[in-house]
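In the two complexes that follow, chain A is the common piece, with chain B as its partner first and chain C second.
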Partner chain A sequence: MRAVGSRILLLLPVVAVFVLFLALPMLTVLNESFRTFEPGRIGSVAGAPLTTNNYTELIHQAYFRYFAQTYLLALCASLLAIIFAFPISYYIARLAPPWMRKASVSAIIGLMFLSALVRVYSIQLTFGSAGILSPIMSAVGVNTNGRTYIYVVIVAGLLHYAIPMSILILIGAIQNLNPRLTEAAQSLGASALTSHLTITIPLCIRGLVSAFLVSMTLGISAFVIPWILGRGRVLFISNLVYSRFSEVANYPSGAAISIVMMVLSILLIYVMSRLATSLDRT
Partner chain B sequence: MITKRNTDALLAFFVAAVIAITAVFLLFPVIVTAFIAFDAREYIGPFPPTALSPKWFGRLFHDPYLWSGFKTSVLLAIAATILAAAIGALGALGISRMSPQWRDLVTTTFLSPLVLPGVIVGFALLMFFSAFIPLPVLPKLIAGHLVITIPYTIRMTLIGLTGIKETLREAALNLGANERQAFFTITLPLAKNGIAAGAIFAFAFSMDDVATSLFLSDFNTYTFPVALISLMRSKFDLTIAAAAVVLMALTVVLLFVLDRVLGLERVIGQDLYRA
Partner chain C sequence: MSKGSRRDFLKGAASAAAVAAGASFAGAVGARAAQSIVAVEWGGNYVDEIKKIAAKQSDVDISWQLHAGGAMAILPKIKAAWPHPGIDLLSGWDPSWQAIGREGWAEPVTVERVPNLADIPQKLLVKDSAGHVVNIPRTIAAIYWFYREDNAPFAITKLDDLLDPRLQGKVLFPAPSLNSNLQMVALALHKGGDERNLEPAWDFVKQLAKSGNIGRVANADTDVTTSISSGETCVSFAAGSFTTQLARSIKIKNLTKLDQKTGFRTFLYQEGWCVLKGGNTDAAMKFANFAVNPENNAAFNRGIAGVPVNVKAKVDDEIKHMVFNNEEMDQYVYIPDWPYLSEQGDAWMKRWEQEVVPLL
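On to the complex of A and B.
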C-alpha cells in the first residue's frame, strides 16, 4: 500500500507536465483543426462552426507536393544513413583498436550534440551556392541553383545528423551479436561478404530497423534544415505548419496539417515495428 | 575471376572507403566553419582564408540582438535543465518500481515527445496558452522545453538505474533504514550519474531547439538559436560563423562533462563478446 503511494507521488510531477503542456495543448490543436477559418483573422473565432474542410483541402495537389518532398527526401537520407553507418559501426564495434574506438565514439557523440544551426550553417558554407566548394561544383558542371542540387544538399543536411545517430544505434546491435557465428561460417568456407550478408545483417535487423526509424522520424520532422538549405524553394511539412502560423495566421489549417503529420508518424512507427518483428529471426 | 580472396579484399577496400568518405563528409564542413570564423576578409572568399583575425568574435559579443538571445537561452536552459532533471529523475524512479507490464507502456508514453515534431509542440503550446493561460514568454518557453527535454532525463535516469540491484535498497530496509533514508543514502547516490547524464542531454537539446522556441518567442524575448536563424535568413555574415564556433565549444565542454560523469563508452553500452 505504502509502495503504491510513493510510486504515484514520484510520477505526479511528470504526469502533471505531460497533461498540462502536451495532452491539453494537443486536444486544443485537434479542436482547432475542425474549425472554420475566416481569412483576415488570427486563428478561428471562438465558437466557429465545425468543418472538415481543413482536412479535405489537403488532398489538393499543392499540398501533396510538400508531403511527397518531405517523405521522399527523408527516406533517401534514412536509407543512405544505414548503408553508410553499418560498415562503420561494425568497424568500431568489432575491429577498431581501443584508442580508435574511444576517439570515434567521442567524435560521433560530439557530432550528435552539435547544434542543428552549426550543422546547417556549415553545410551551407561548404555546399551552398556561395559556398567554398561552388567553384569546384561549377568546374565539374553541377548547376548549384538547380532544384536537384537543392535536394542533394538537404539530404546531406539530414545525413549529417542521421549517420552519427545510426552508427550509435547499430554499434549497440552489433555488440549483442555473437561473433562466433560469422567465424563459424567463414571457417566453413563462406567469404567475409557472404557471411555478413547471410548472418550479420539478418541478425541485426532490429537495430537496422530502429536506426532507419529514428532517422526517418527526425527527417520528416526536420525544420531548420529545409528552411535554410531549401532556400525557400524546397519546404518540408514543418515549414508549412510554421508558415500557416507566421504568414497567413490560418491556425485551423496548420492544426489539420499537424494532426495529419502526427497520424502519419504513428502509422510509420507501427508499420516499421511490425516489419521488424516479422523479419526478426533471433 | 571472382574468388573468395578477391571478394574479401574488395569488401575490406569498400569498408575503408566508406569510413574515409563519411569521416570527411561529417567533419570537413565543421572544420571549414571553424576556420572561416577567423577569416580577416570582409566577405566569404575562397578557402582557406588568406589572413586570420578574431574580429568576428568581437562583433558577435557586441551585437545586442544576439547577446540578448544568448542570455535568454542560457537562463532558459538552466531553468529547464534543473526542472527536467528533477521531474524526470522522480518519474524514472517511479517507473523503475512498477511491475514489468506497466513499465513498458508508461516508459513509451513518456518518451513519445521524442518522435513528435518540435513544430507541433510549439504550435500546440502557443494555441493552448493564448486560449487558456496567458503567460509571459519565459515561462511559456520553459514549459515547451520541459516537454522536449524530460524524455531525455527519464531515459538517461532509467539507463543509470538498470545497473543498480534492487537488493541493495532491500538490504538497507532490512537493516533498519526507513524508505526516506534508503532513498537518500542508497538509491540517489547510485542513480546520480544517470541523472547527471540526463541533465547534460537536457541542457544540450534546450540550447539547440529552434522549432518549438520559434512559436513561443516574441520580439523582446527570444532564444539564441531563434536569433541566429533569423540572422542566417537575412544575411550571410561571418558573425554567424563566430557564433557557430561558440556553440561548438559548448558541445566540446558538454562532451567532456558527459565523459567525466558517465563515460562515453557507457553511452553506447557494453560489448558482450569483446575480449
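On to the complex of A and C.
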C-alpha cells in the first residue's frame, strides 16, 4: 500500500506538467474551435456564441485535398525513409566496425542539429526552378514549374529529417535482434533473402512501425518545408493552421483544423499500433 | 556547531556594509537612468535605422523585438498576453491600426504627448470608435507592381501581360493575407471592380493560376526578396521600400505613374507606431515623438526608402517615384477603404484556398 502511494506521489509532477501544458491548452483550443468568429477581430470575442460552422466549412473538396496531400506526401516520405534507413541501420548495427559505428551515429545525430532553414534553402537553391540543377532538369525534359516536381522536392525535404530519425530508431531495434535466429534459419537451409524476410524483418516490426510513426509525425506537422519548397502552391495543414491563427486571426477556424488533424493522427497511430501487434512475432 | 571569532564577525559586517552600500549606489544610479520600454520593429533596414535614431537619445532605454512575419502576426500574441502585453511601442500599418482600434488596445495619442504630431498631416491619423487617435505615423509608403528587367523575357507594359505564356512560372503572386490583398484590388480596378466588388479580380487570378505563370505565391515579404533576387520569378507586387532596396543590387522597373489603362495602379499607406495601454506609455510617446522630428524622420526614411510624414522633413531623390503631387495622386493613386479591407482577410483567404490554390 505504501509502495503504491509513493508511486502515485512520484507520478504527480509528470501528471501536473501534462495537465498544465498539454491538457489545458488543448481544452482551450477545443473550446475556441466551437466559437463564432467576427471578421476583423483578433480571435473570438469574449462570450462569442457556439457554432459548428468551423468544422462544417471543412467539408469542402479543397480541404479534403489539403488533408490528403499532407498525409500522402508524409506517407511517401515515411516509407522511403524506412527503405533507405533499414539497410544503413543494419550495416551500422551488425556489420560496421566499432569505430565506424560510433562515427556514423555521431554523424547522424550531428545532422539533426542542422537548421531546418539551411536544409530547406539548400534544396531550394539546388533543385528550385532557378537552382543549380535547373538547366540539367530542363534539358532532360523535367518541368521544374510543375506540381509533381514540387511534390518530389517536398518529399526530398521531408526525407532530410525522416531518414536520420529512422536510422537511429532502427539501430536499436536491430541491435536487440538475436543474430543466432537468422544463423539458425540459414543453417536449416533458408537463403539469405528468405531468412531476412521471414526472420529479421518480422522481428524488427515494432522498430519499423516506430520509425514510420515518427517519420509520419515529422511529415504531417512539417511547416517550413512545405512553406518554402511548396512555393505557396502546395500547402500542408500546418500552413493552413498558421495562416488562420497568425495572418487572418481566425482562431476558431484554426483551432477546428488543428482538432481534425489531431483526431486523424490519433486514428493513424491506433491503426499502426494494431497492425504492429498483429504482425509482431516476438 | 562552530563558533565565529570576533575577526570573522567584523569581516562579515564589513562585507554586508559593502554590499548594502553597493545596492544603495545602484539604486541611486537606477533612479537617474533612462526609462525602459519594449518596442517591436521589423527586421533588416527598419530595425537598423531606428536603432541609429534611438542611439541619439538617452531618455528612453529600448529593448527591441522583431516582428515574426507581417504586422498582423503579432496581434494574436498580444491578445494572449492582454492586459499585460509586455510591449509598449508597436510598429505597424493601416490594417493593423484598424484591428488594434477595434480591440481598444491603443493608448490615445495627443499633440500634448507627441508635439511633433502637429507637423504630420491629420489625414494620416487613424481613430478608434471613441474618436481617439491610435497611431503615430512615421512613413508614407507606396505599394505597386514592379519587375526585374534583367530576368523578364520582355518589357511588361500592362497588367494583362501577366497572362503572357512567356512569363511561365515567372509571376510571384502574393497571397490575399499579404498587402491586405491590394494586388487583387489592383486587378479588380483594372477589370471594372474595386475592393467591394472583387469578382473580376477572382476571375483574372483564376485564369492566371490556370496559365501556369504563377511560379510562387508569396506568403511573407521575405518571399518577395528571395524569389525576385534569386531569379526564380521576375514580376510581383510589393511595397516600395522592398523594391527600392532590391533596386540597389538588381535592375528593377517600378510600374508606377503609368496610365490607368495599363492597370498598374499604386496604393498609398502609412506605417508608424501605436502605444499600447498598460505599459510605460509616457516613455513610449516620448521616444516616438523624438523619432518623428524633421531630422530623425528624414534620416529613418532615407534608410528604409520611405517618404517621411513630417512635412518639414527632406525627401530623398531615390524615392521620388513614390512621391505624388495632387494631380498625380488623382491620376495614379488609389486609397482603398482600409476598415473594409481589414475585415475581409479571412473570407478572401478562404476563397483563395478553395478556388485558386487547387489550380496552381
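Here is the rule we go by: the second predicted complex is superposed on the first by the 260 of 282 C-alpha atoms of A that agree within 3 Å, B and C clash if a C-alpha of one lies under 4 Å from a C-alpha of the other, contacts with A are read in each partner's own complex, and residues count from 1 in each chain.
Keep in mind that, in the parts below, a contact is a pair of C-beta atoms (placed from the backbone, for glycine too) under 8 Å apart; a residue touches a chain by one contact, two chains touch by 3 or more.
Since we're looking at a predicted model, the values are computed, not measured.
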Fit or clash between chain C and chain B when superposed on chain A: clash
Which of chain B and chain C A:80 touches, first, second, both or neither: neither
Which of chain B and chain C A:199 touches, first, second, both or neither: neither
Which superposed partner A:249 touches (first chain B, second chain C, both, neither): second
First, second, both or neither for A:22, with chain B first and chain C second: first
Which superposed partner A:130 touches (first chain B, second chain C, both, neither): both
Partner chain in contact with A:65 - chain B first, chain C second, else both or neither: second
Touching partner for A:209 - first (chain B), second (chain C), both, neither: neither
Touching partner for A:185 - first (chain B), second (chain C), both, neither: neither
Which of chain B and chain C A:171 touches, first, second, both or neither: first
Larger contact residue set on chain A - chain B or chain C: B
Clash with chain B (superposed arrangement) - responsible stretch of chain C out of 63-71, 135-143 or 297-305: 63-71
Shared contact residues on chain A - chain B and chain C: 43, 125, 130, 227, 245, 251
Touching residues (chain side chain B, partner chain A) in the complex: 4, 7-8, 10-12, 14-15, 18-19, 21-22, 25-30, 32-33, 36, 44, 46-47, 86-88, 90-91, 93-95, 97-98, 106, 109-110, 113-121, 123-128, 130-132, 143-144, 146-147, 150, 154, 179, 204, 207-208, 210-211, 214-215, 225, 228-229, 232-233, 236, 240-241, 244, 247-248, 250-252, 254-255, 258-259, 264-265, 267-274
Residue ranges of chain A touching chain C (in the complex, touch as defined): 37, 39-43, 57, 60-63, 65-66, 125, 128-130, 144-145, 147, 227, 231-233, 235, 239-240, 243, 245-251, 253
In the complex, chain C residues that touch chain A: 69-70, 72-73, 75-76, 78-79, 98-99, 102-103, 168-169, 175, 177, 212, 214-219, 223, 230-232, 342-347, 349-350, 353-355, 357-358, 360
Complex interface listing, chain A residues touching chain B: 2-3, 6-11, 13-15, 17-18, 20-22, 24-26, 28-29, 32, 43, 84, 87-88, 90-91, 93-94, 101-102, 105-107, 109-111, 113-127, 130, 132, 135, 156, 159-160, 163-164, 168, 171-172, 175-180, 189, 191-194, 196, 217, 220-221, 223-224, 227-228, 237-238, 241-242, 245, 251, 254-255, 258, 261-262, 265, 269
